[in-house]
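Two complexes are shown next, each including chain A; its partner changes from chain B in the first to chain C in the second.
And then the complex of A and B:
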């Protein structure tokens, strides 16, 4: 049981970070990016190709993060342009449809050209014992990176003027404009950040389990479930919901089976919508 | 400092304000008075870049700022304090004030001037803006605008939703700012408050400027006295 909970926390931290990237873009710009998982997968493939080409691990990961950020920027500069002209629900809906289309195209291309490519990052060294449970070093490194990234996000949003400017747009877009903040620049910045976060999660995930070219959809679905449970536009909620759902997922998979565990996760999201429509840490509008 | 000519604006092709012209000179306090629905808010939104006017021109310090987005106008030194205030509710008073100076580094001297002017904000620095009373939120909205050291402060109905004493206190603070040389343009339907504060004024009715003059002239005008000052 303790082993399951620890594994759940390892998974949950990554789910939380994954959801943070999705929820920030939604909270800031009312844009739901369903090609989010594909951004993660393409970044993972960039790392895999770089490793194949003999690039050392750290620079290869750096290239992957760069690719994630650039893909976010690319979305902002191309497919999201018409989305920005709309407001409210129409904006959410168009962003959802266009990015879903992008995800199909990316999935189709990857499965056609690189059906067997996968990213696995092996972290050397033996298991480390935690609370009497032997944990793989890869899991621990992945969790440490994820926690450090969360800490970095916290510092950025709380203590830097750029981070505060991003939050102000989430709080009140007109208010932000009235103090001279350009909402579109903030959204572009957050899309780049979101792409890099997706890439980072793909990389840390590959330390625990292989990330292959078909992983995109499941990454997006996991991110969406955690986002809904945590509350849209809420990074702290994403982290909390990620950890809870990570534990639920691992325990349910162990007790009942992997397929059923996904249904349980979806059920958790449905119950959350019924009981707390704004999410665990969400604020009512 | 500010010159508006022939400005018409509205929503979905229906103009609410028509061919409005007025100006504000440096160091002046100018009021635009009118009843609820006269078009004061539409006029200010069109002037400050939140709404695209259908015709007309807005010049600020000689530069044409017609149809320039609000975020750029805010950086030019003309700050708009909306009647809805548009604070950042889940951020602290301190954070709201710091954002007022964005993108420049907040100036500690300006911060202490603002906190001296509104001591309540100093007491509530760590409190979330959304949990404060209406009067405190109004102080914060003005304080946030002041953090950027604007040359022109534009206020839309600063007395909205405030108890009479608090509305008066808000105007007293604006009076202090005026004496220090700040140029202020204010829209107000509580006309006596605005009159005690302004040098000149314009009367906006059904989207048209009907009257203009010094505060004394307007206060002596029988129709203004009748419609806005409750004198029969």
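And then the complex of A and C:
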């Protein structure tokens, strides 16, 4: 049982990190970025090419994060311009459709040009025992990076004035504007952060399973589900939802078996959405 | 492009254009009959090639799916991202009932259709009860799609898993010949169009338009929004089950990609958006156009997906209301300018999509 819960937490942290970048953009800008997984995949390809070219691992990962951030900026400067002119549900719908188009272009291009490219980061060394359970070193490193990232996000949003400015826009855009915060600048910043987070997702995921050119859709879909379960725009909610769903999935896989566990995971997500449409930690409007 | 009003509220993407409510019966029947007659000639042209007839049958199946999606999404604004899954319930259900259980083909199709209808209705009922918005309905139905996918892959004894399943029933009947399946699917398209047209014309159509334009106002005016939404989902679900099931029997082999999310739902959304959301003939125009475009792009292989992506972006940036309303509005504007010397036309052609929208039918 302890082994299951630990495995579940490892998977859950992955899922939580997956959702973090998506939920921020949704919460702040009302923009649903369906090209999120593709940003992750492109970043993964950048890291893979850098490694192939003989760049050491850490700088290669740095390049990947940079690429993710730049892609976020690129989205903000191009395809999302017309989206920002709309409000409410129309904005969400248009952003969803346009970024769906982007995800097609990226997927099609990558599958055509680099069909066999995949990123796998091997973390050396044997298994490590935690609470008597042997854990793969790659999973542990991935989890540690995820926890550090969440801690960083927490500090950023709570203790820096920039982070507070971002939160003020999430809470009340008009009010934020009145005290001299440009919502659009905050949004651009968040898109860059979201892109970098997507890149980080790709990196940590590649320590556990290979990230290839077809991973984009599943990354986006799971990020979306965890985002909604956790509450839109709520990073802590995303982490909580990720861990709960992760544990549900692993325990179900152990007790019942393979494919039913995915259905149980999806069912749990659906039930949460139906019971609490605002999300686990969301506030009802 | 005079569509700056078209995105005024959230509902307007859903209800791209208005169709006139009190159409005469002939105004529905004649265009459907004309479309049917035109499409009935296709086998004369492509009939020699088995491959091209297969493409045409698939195109008609997509027209069916898109009409069903139009009933659910276009009429009542419920973003059902489980079009493929509901059709798959029809397809896999029919195949299993006919081959494994041993029911006659017609009975299998009917039972599978009923199942798809009830599940569609149930999804809508849940969404309505919990008053989920467009996006949340989309996500819940997307989750349903993924669950269906997992189930199909998991129950590989019944479904054949990733490689798919051959359907033995009907192998020696007209269903597997070259031309008859085309006319069978065409009949479905025409029947679905007729059902949708008659719905639009009846009091149900009034309720659909009212709740699509302004849900709260419709509720206040005494329209039972919940009931009409579930009703639309029941009809759409039945259409999907029937079309998915019939297509499975004509094809003889189904696999997860036959009904996959990326292969069906996304394509249906693009087809409907292209033709015009909420417009009776939008699905047919969209399905024909994209079936042809797909055939042209096939030699580009993987790059086809890139072209699709660009089309989607272009479509939603430039042709938000769909091609039928845009063409209708241009045609109307040209005609007006010729007729009245361009003096009166400036105010009405300037920025009021509502003015031109009554004219959507003749464009087809």
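Basically, the second predicted complex is superposed on the first by the 276 of 285 C-alpha atoms of A that agree within 3 Å, B and C clash if a C-alpha of one lies under 4 Å from a C-alpha of the other, contacts with A are read in each partner's own complex, and residues count from 1 in each chain.
One rule holds in what follows: a contact is a pair of C-beta atoms (placed from the backbone, for glycine too) under 8 Å apart; a residue touches a chain by one contact, two chains touch by 3 or more.
If you're wondering where the values come from, they're calculated on a predicted model, not measured in any experiment.
Trainee: Contacts for A:224 in the overlay, against chain B (first) and chain C (second): which applies, first, second, both or neither?
Mentor: second
Trainee: Output check: A:108 vs chain B and chain C. Expected answer is one of first, second, both, neither. What do you get?
Mentor: second
Trainee: Under the stated touch criterion, name the partner, chain B or chain C, that contacts more residues in chain A.
Mentor: Chain A has more residues touched by C than by the other partner.
Trainee: Which partner does A:52 contact after superposing on A: first (chain B), second (chain C), both, neither?
Mentor: neither
Trainee: On the A-aligned overlay, A:94 touches which partner chain: chain B = first, chain C = second, or both, or neither?
Mentor: Only chain C is touched by A:94; chain B is not.
Trainee: On the A-aligned overlay, A:175 touches which partner chain: chain B = first, chain C = second, or both, or neither?
Mentor: first
Trainee: Look at A:273 in the shared chain and tell me whether it touches chain B only, chain C only, both, or neither; answer first, second, both or neither.
Mentor: Second partner only, chain C.
Trainee: Hey, what residues of chain A end up touching chain B and chain C alike?
Mentor: In chain A, no position sits in both the chain B and chain C interfaces.
Trainee: Mind pulling up the chain A residues that touch chain B in the complex?
Mentor: So the residues of chain A in touch with chain B come to 161, 164-165, 167-168, 171-172, 174-183, 283.
Trainee: Could you list, by residue number, the parts of chain B that touch chain A in their complex?
Mentor: 48-50, 69-72, 74-75, 79-82, 85-91, 95, 98-100, 102-103, 105, 144-145, 148
Trainee: State the interface residues of chain A toward chain C in the complex, per the touch definition above.
Mentor: Residue positions touching the partner: 32, 79, 82, 86, 88-90, 92-94, 96-98, 100-109, 111-112, 115, 217, 221, 224-225, 228, 258-260, 262-263, 266-267, 269-270, 273-274, 277.
Trainee: Inside the complex, what are the residues of chain C that reach chain A?
Mentor: 7-10, 12-13, 126, 130, 132-136, 139-140, 142-144, 146-147, 150-151, 153-154, 262, 266, 269, 273, 301-313, 316-317
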